[in-house]
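Several structures are given next for inspection.
Both complexes below contain chain A, partnered by chain B and then by chain C.
Then we have the complex of A and B:
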């Protein structure tokens, strides 16, 4: 297989965007082409979860490739729930690594705020098991709440730990001009003050308002290329060194141990193995914190910390910018936002910035290895990516 | 204008008890003071409302234009039985809410204008306004409307307001919604918070000066961004990237 490099990146603000979905996908793509200094693209993959349902638009890849005037390049959409972004990157990786294409664009977009919050939550809930979960009214917040309750009882995680993740990531987002949430929060304000229950009410106990990511519109793009092409681009080399994907039971209750996220564990292991690296080699990570509990658990399952000790590393400040292993310096899904189809690509976008050394105020010092975990379903389809600076 | 004519034009206010100031810890951990302002303080507020008239999103333009008019009317005695509350953090103006005592039993909620967005700043200020009508003035219900979808979520949905569609609201004659005493009592535990008395130091700071909002809503800086991404919170996400790539920032 050939080595695969990221030669261009682009992103929109993650917020409420009033322009069409195909343009939300196209703008970051234009930025990425400008970043790469290249307009020739062999193939386009568009990551998206809900265009047909939420935006009444199908055939999104055809719309985007034409919007970008990239015809007659091949184009197709990739849908893998909230892991659509990393799935599309994985597909682009295979296209370049196999030698089928030299330059592949992977852009992701979602326009979720076309509908109200209730409809958006219902739309995301359609990824649950239709007969065992969905018909009983399960939503992602309710699944995450049950998972959190179990995790708290088993490993001693408390609401304070969840609030610490929320504060860390939302305050990281203040350093990211493209992040959805631009308000500083504090433990005092969301947990300890007499007004905390109003400021931060329960959404699905024990998860509160600030434990949940916002519903966002947004797009992000990366351009992947062979080494031959990458060496001609005037950007620091960032190699996509490892790609891992794994699945788990569709219905969460069918898992032998519901507090284990085996797909995360297996996808991360595959990604590290392909890269020839270990979790201890990682300098910076973007983990899928759609709910605060997920950052803690994923940090254990990918191998950064022993099982049941992620919250202790958080307490010690290891996952903060300036800590030994900063997690979600971009703000994560919690602070940057979560336009589902774009999220996995936004994670890669952040890691490329970090490895290039141009992440500004949120730069992790001398980052050489970066890692992303894009969590589909409720952990039933997970894609992990490992990036390295240089070769 | 003769003094005689002014006495005809100027409404005579009915007595209203003052709103006792309170303070709330918001999600950022900052202490926000909510207090009633006097007529003399209105000129200090108006310059911070005026720029919002040009923010064409979330109905800031409509609300700011109306609030400006209402505050000016209050200052120049052309509205009856009105009051204005402000929310301040370290003196900084974060929200303005106002209303009227329509009758001794019925309150008329006018506007809630948040100058600093998020963190329930507007929602806390609105709750204080409802508290003023229900607990301080002892009214039976408050008539409410919302110009923006955000207002609708915060008032109509969170307080589960009753429809009073047969009553045109003073704001544009649109159908009213009502907060009754019973609904307010239900919401009291979860939505109406704050502590009294306000520590002296906090109150002194609030009274010392009404400082300009530090991060008020603004129109996008770039016309292209304005047309293509009017709800882009950074206003110029794409432009920024272009500038960065061109080495301009």
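Then we have the complex of A and C:
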């Protein structure tokens, strides 16, 4: 297999966007082509989850390839729930590594704020098992809540730990001009003050409003290329060194150990194995914190910290920018926002900035190895990517 | 007659699945429909629960109790929970009732009460 490099990146603001979905996908793609200094693209993958249901548009890839005037290049959409973004990157990786294509554009987009928050929650809830979960009114926040309660009981994670993740990531987002939430928060304001119960009500006990990522519109793009092409691009080399994916039971109640996220553990292990690296080699990570609990649990399952000790590393400040292993310097899903199809690509976008050394105020010092975890369903389909600076 | 929710017992190895899957997870048996339907027990222990406030539009209630219950035979299932003061590990009993209305469509599922 050939080595695969990221030669260009682009992103939109993650917020409410008033332009059409195809343009949300195309705008970051134009930025990425400028970033790479290159307009020749062999193939396009578009990551998206909801175009048919939310935006009443199907065949999104055909619309995007045309609006970018990249026809007759091949194009298709990749749908893998909230892990669509990293799945599309994985597919692009295989296309370049195999030698089928030399330059592949992977762009992701979602326009979820076309509908109200309840409809958006309902749309995402269609990920759950139709007969064993969905009919009961189960949503992603309620699955995360039931998981959180088990984690609290078994490992001593508290609402304060969850709030610490929210404060860290939402305040990291203040250093990211593209992030959705641009509001400083404190433990006092969301947990301790007399107003906290009003500011921060329960969404699904024990998870509160500030434990959940916002519903966002947004797009992000990376361009992948062979080494021969990458060497001609005037950007620091960033190699996509490992891709790993794993699945788990559709219904969450079927998992043998209900506090495990085995697909995260297995996807990360495969990604590290392909890269020839270990979790201890990672300098910066973007983990899928759709709910605050997930950052803590994923930080354990991918191998950064022992099982049940992620919240202790958080307490020690290890996961802050400036800590020994910064997690979600971009703000994560919690602060940057979560336009589902774009999220996995936005994670990669941040890691490329970090490894190039141009992440500005949120730069992790001398970052050489970066890692992303993109979490689909409630952990039933997970894709992990490992990136390395230089060769 | 009391309504039931069914689990699926593999005719080859006896492994019981809930919900249905087409190939046995335990032995890989893949002769389609080689499963016997067995009613899920109605009693079990509350494994975990939540009270959810942000609900899909079909639910015209301010909040909804949801739970994962470990049934007497060790199989787990997700259902609705109508208990005032839920405690992890408490004994619960299930009734099959209407759990969702989608227009004129009525969907039946398990609702758990304090045993």
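Rule of thumb we're sticking to: the second predicted complex is superposed on the first by the 391 of 391 C-alpha atoms of A that agree within 3 Å, B and C clash if a C-alpha of one lies under 4 Å from a C-alpha of the other, contacts with A are read in each partner's own complex, and residues count from 1 in each chain.
Quick note on the criterion: contacts are C-beta pairs under 8 Å (C-beta built on N, C-alpha and C of every residue); 3 or more make two chains touch, one makes a residue touch a chain.
Note that the structure is a prediction, hence the values are computed from the model and not measured.
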Worksheet item: Counting only touches as set out at the top, which of chain B and chain C does A:294 meet: first, second, both, neither?
Response: neither
Worksheet item: Is A:274 touching the first partner chain B, the second partner chain C, both, or neither of them?
Response: neither
Discussion item. For A:203 in the superposed arrangement: first (chain B), second (chain C), both or neither?
Written reply: second
Item to complete: Based on the superposed arrangement, let me know which partner A:241 touches: chain B (first), chain C (second), both, or neither?
Response: neither
Item to complete: Return first, second, both or neither, reflecting whether A:19 touches chain B, chain C, both chains, or no partner chain.
Response: first
Worksheet item: A:149 contacts which: chain B (first), chain C (second), both, neither?
Response: second
Item to complete: Starting from the residues of chain A touching chain B, keep only those that also touch chain C in the other complex, and list them.
Response: 201
Response to the item:
Within their complex, chain B touches chain A through residues 24-30, 117-120, 124, 190-191, 193-195, 228-234, 237-238, 240-242, 245
Discussion item. Which residues of chain A touch chain C once you look at their complex with the stated criterion?
Written reply: 117-119, 121-122, 125, 129, 131-133, 135-139, 141-142, 145-147, 149-150, 153, 201-207, 251-254, 258
Discussion item. Please output the residues of chain C touching chain A within their complex, sorted ascending.
Written reply: 18-20, 47-59, 64, 66-68, 76-80, 88, 99-100, 107, 109
Fill in: Parts of chain A lying in touch with chain B, wherever the complex brings them together
10-13, 15-19, 23, 27, 31, 34-35, 177-178, 180-190, 193-201, 210
